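Notes follow once the structure below has been shown.
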Amino acid sequence: MLFFRNDYGNGAHPAVMDALCKTNLELTEGYGTDAYCQRAEARVRDLCQCPQAQVYFVVGGTQVNKTAIGAFLRPWEAVIAADTGHIQVHESGAIEHNGHRIFTLPAADGKLTPEQIHDLCKAYQQEETSPEPKLVYISNTTELGTVYTKAELKALRQACDQWGLYLYCDGARLAAAMAVSDAGFADYAALCHAFTIGGTKNGLMFGEALVITEPKLAPCFRRCMKQQGAMLAKGRLLGIQFDTVLTDGLYEQLGQQAAQAARRLTEGLAKLGIPTLINSPSNQIFPILPNKAIEELKKDVSFEHWSAVSDTHSCVRFVTAWHTTTEEVESLLALLANLICEKE
Amino acid sequence: MLFFRNDYGNGAHPAVMDALCKTNLELTEGYGTDAYCQRAEARVRDLCQCPQAQVYFVVGGTQVNKTAIGAFLRPWEAVIAADTGHIQVHESGAIEHNGHRIFTLPAADGKLTPEQIHDLCKAYQQEETSPEPKLVYISNTTELGTVYTKAELKALRQACDQWGLYLYCDGARLAAAMAVSDAGFADYAALCHAFTIGGTKNGLMFGEALVITEPKLAPCFRRCMKQQGAMLAKGRLLGIQFDTVLTDGLYEQLGQQAAQAARRLTEGLAKLGIPTLINSPSNQIFPILPNKAIEELKKDVSFEHWSAVSDTHSCVRFVTAWHTTTEEVESLLALLANLICEKE
Amino acid sequence: MLFFRNDYGNGAHPAVMDALCKTNLELTEGYGTDAYCQRAEARVRDLCQCPQAQVYFVVGGTQVNKTAIGAFLRPWEAVIAADTGHIQVHESGAIEHNGHRIFTLPAADGKLTPEQIHDLCKAYQQEETSPEPKLVYISNTTELGTVYTKAELKALRQACDQWGLYLYCDGARLAAAMAVSDAGFADYAALCHAFTIGGTKNGLMFGEALVITEPKLAPCFRRCMKQQGAMLAKGRLLGIQFDTVLTDGLYEQLGQQAAQAARRLTEGLAKLGIPTLINSPSNQIFPILPNKAIEELKKDVSFEHWSAVSDTHSCVRFVTAWHTTTEEVESLLALLANLICEKE
Amino acid sequence: MLFFRNDYGNGAHPAVMDALCKTNLELTEGYGTDAYCQRAEARVRDLCQCPQAQVYFVVGGTQVNKTAIGAFLRPWEAVIAADTGHIQVHESGAIEHNGHRIFTLPAADGKLTPEQIHDLCKAYQQEETSPEPKLVYISNTTELGTVYTKAELKALRQACDQWGLYLYCDGARLAAAMAVSDAGFADYAALCHAFTIGGTKNGLMFGEALVITEPKLAPCFRRCMKQQGAMLAKGRLLGIQFDTVLTDGLYEQLGQQAAQAARRLTEGLAKLGIPTLINSPSNQIFPILPNKAIEELKKDVSFEHWSAVSDTHSCVRFVTAWHTTTEEVESLLALLANLICEKE
């Protein structure tokens, strides 16, 4: 069975697993106060060229979004997000559970524009009977695999500054974004008030690093984490893992491996004349296939159905990961070549 | 450095680590829908002799308490807990964050009595301007290392039934309780509306299993978990770990190892004439020592300061775990013998 | 100054004021347990032909929506509403503050259709990572002055039943709706799981009556009211007022007075050839006027700017109320006639 | 039937009712933006000698406590209150509903001491797994009728300043406190970060004025009020009432009337040799009576049962109000004299 279902299908990268095994029987303090966490925090600050950044390690993506946004906003303050945003479509109302409205903006390619932010803020500026837009949530890459460039991030930040908004970037797939765009750690630190460095989808068993560059955003963050159930007892597990992948560029390298597999797959699809829903440059690819071909493909490949496109065709999602091999991509393309020839 | 600080100081039991390593590169579906989770759920149901039990795996203790109680109660419904209860003293207001009052009852030994529940419910029965007591939170073992017997659990359940309350047992240290008392998995399933089987403090890297035996308590629990940020992407990590420890009695055995070390330590303290704050039969022990001896001891032993007892003496906490060896206990006792002779 | 700004611009209808004055120095129990509240509750049940209905009196509209929906739903359950719905645009996130997502549906005329509900529910049916749609919020009249007929309400209820949703009707302007449609109190009671009878905009100083016809929706509603700060100390003030307007058809009559004034105004606007944004049959009317005329009109008339329609024209809102006189309508029309002749 | 049940048993003082009647048919803007509210706000600022104070009018007591504390605190910040405090015993968990823990301190006389605050803050100072104490809630008068003096308020404020806490005074019975103590409006404004001026229990139909003297506490308070359902549509009703009672000392005078009646009653009880639960100097009085006498008394007097004192005796509560007459007090004392003679 070929696996193109997602980028969190296995455990951890062998180097991460090794580090966990080697340290397994050491005895340390809990709750992220250990030396491994401190070292990993220092690495993040270094990579971000941001010595004053506060760094916190959290197990999961919904958890880090919920905890961070809950710590940053007052209940009557609202989030602006793309209507495809993860917090809108995949977190079961976690943001609302903390009391916050999400204002969604249409985003065919998953990306917000400064103009949209301007328009929304203008509309709500004087509406005291509305929640107050206060934080722009983006993810890079987006839910549709598209990627904000550094210039786009800068433009968003300018729009945020103009309206007194915070810019928060969900980096669950930050490695995937960095592999195909011009923005690096230091750019995210410079342009976002806070952002996450996603581990779960890039070599870690689990773990997201939250980087808060705006000091006033997190006066008491550890209490907030604890209250939200987001503090891991054996916190060092997060420190050890991040320390490992953030050493010697492993994090970026794993992102590039996934990107390379994705590029190969995208090119192959193009050669086969298979259209895609959206032109994604990153590790999520959205081909449109005949429904019958999709049914056949399911026998050999694990992947996700995305959306119906017509009565006869649907969009599916293929995701590559750091462990996706050239052979796996070629096998998938061969299966598709076969199916397309047969069916159409 | 001897480690008696807590029972979550290391990673995982070697058998658990082996299982994680062996399955590391397998590719499975996420969010706890994989075969490992299903197998672990089945094991829990078997051990509990409760085929209709719903079983969910969650990463952390605060998380599982917050998610479960949030799912079980409406905002105006309140929790009854000992004033020493974990949700009261160690979770930063996680329960209140979901909207619920905690009614605390004095409990010198960490345990609630049916009489206390009767009295509180009688007092609040007709107070419509008060939150409505609806769930009794206990933990076994308690925060003070004391243990509810099966008869005591039965009596609490009767009190709950009389007042229409749910009985919820936080089993973060369930193995420690089972090692020194007469209640087993099936008893907890029969006597509690819901309870947890703690993994973090008994051989797992992380993980608590929530067992819901009252069907109406969790109509939509997975949505609730997701909303609370309590669903692990690579859910199988929980399934694999619980499957491992719940096979061939490893879970119980680890609890017994910790209990044995604790017994040896308790007996040693008694021989040395060192008094304890409370007569704890389980793996948390609370000796009272001269402050000077405590300062000396810190050089060689990692442990927690518990509370001041007088101007000259304080209570400390020693915790044993599955990995605590006879040698470690003897070394600690030798250090104490030395200090007590010198200092007193 | 002519007043067409809203329908809550004055105090209370003289009959209501009389009743408050007459009873002013009586001494009664508080919190809605007095005889006036009981009598008013009985009147509501009678008018609704629904002896089992639970009736609660609450001071304000946002308050009753927030309290009722908060009592009916669990945090992961969501509301479906028109994108123009009051809870979406005028309540500062009160629903989200209780933890609930609002799914908004586009509604050019402010009304939801059964098809929209079907489509949304179909889309979210199996999305366990989304909040669960559970309650359909409508208001009658809508925010745009449009009105659901009895047949439309019936169709909505059928859609709700099909998907296991509750139908909740915000009746802040129920009298305005009843004055121009075929649905009466008993129809609302038969077709909605819960609805409100708005007093603030129809002769009361303040007050909304919440009618819950589905028994399981409100097991403990008074506690919920108290927790939400929605219980009035001198609760009888609500009972006295509702008792007054619900006697001898005063409530309906006041609605008809507002409707009559609205009809006269609508006909006058048509004669003047002034277009409206929407064809509203009720007491909110949305004419489109040249911006210059609007500026002139402000000198003599109090009204609300609604939205820009073009660079030169805007939509404004005129609202009639039970106290709007024929003379006032004629004066407004004369002013408009003058301005339109001049300016165009 | 004599009425000593509470101080919110009737409607409004005649002067307030007159003002409401006179303005009843005026047409004004809503939501507290009218001229009456502005005038009343100015009066509050004048009386408080605090030109920078923000003043908001809210309908009810639970509502104003919930809204204010919810606006002032972040979810992980907690309230310190007496175990008899109104927010603890009479608001159904309204504070917890916003996510906040209430730390209760034992207070036999209903009053907190600076020492208690010091001790609690010392205990929680470094407990990062506990909610953070951040606001001291007191009420004056207290739930037991006792009264903080100016010196006591000053001492509490000093304790608050030392620990970075806000001092919030619930003034639901502020007039009752001012009638028997040395602290006036300006003292409350100088010593509290925020406090309320209660109207409901002192001549208004309803209404509490919230005075915020610490500017950073309420950056966006109207949005918060709206979100909490605490903004009255016909906001002027609050402005008119407060404007009336805050003119020419009516507010203080009504408090004194209640105090005078209370003094007479207290002296009468003493003469009859009837003991009281607590030595209350204000308008709530807590005599201890034989249970049989209580049963008899119920036939002629409306009052509240407070608590059982022994098998044969109970404490009841008599409350005087601005409208309590000398005759009513004498009648009550005569009834008691009769009963005591007979029964004992």
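Chains here go by letter, A, B, C and D, matching the order in which they are written, and residues are numbered from 1 within each.
Here is the rule we go by: contacts are C-beta pairs under 8 Å (C-beta built on N, C-alpha and C of every residue); 3 or more make two chains touch, one makes a residue touch a chain.
Remember, predicted model here, so these are calculated numbers, not experimental data.
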Could you tell me which chains make contact with chain A and chain D both? B, C
Taking each chain's centre as the mean of its CA atoms, the one lying farthest from the centre of chain D is chain A
Approximately how many whole Å separate the CA-defined centres of chain B and chain D? 42
CA centroid of chain C to CA centroid of chain D, Å: 34
Once you find the CA centre of chain B and the CA centre of chain C, what distance in Å lies between them? 51
Residue numbers in chain B touching 2 or more other chains? 75-76, 91-93, 97-98, 128-131, 223-224, 226-227
Parts of chain A lying in touch with chain C, wherever the complex brings them together: 75-76, 78, 89-93, 96-102, 127-131
Give every residue of chain B touching chain C within the complex, in rising order. 70-71, 74-77, 98, 128-132, 220, 222-224, 226-227
Touching chain D in the complex, chain C uses residues 3, 5-6, 8-12, 14, 17, 20-21, 23-30, 59-63, 65-67, 91-94, 97, 200, 205-206, 223-224, 226-234, 237, 302, 323
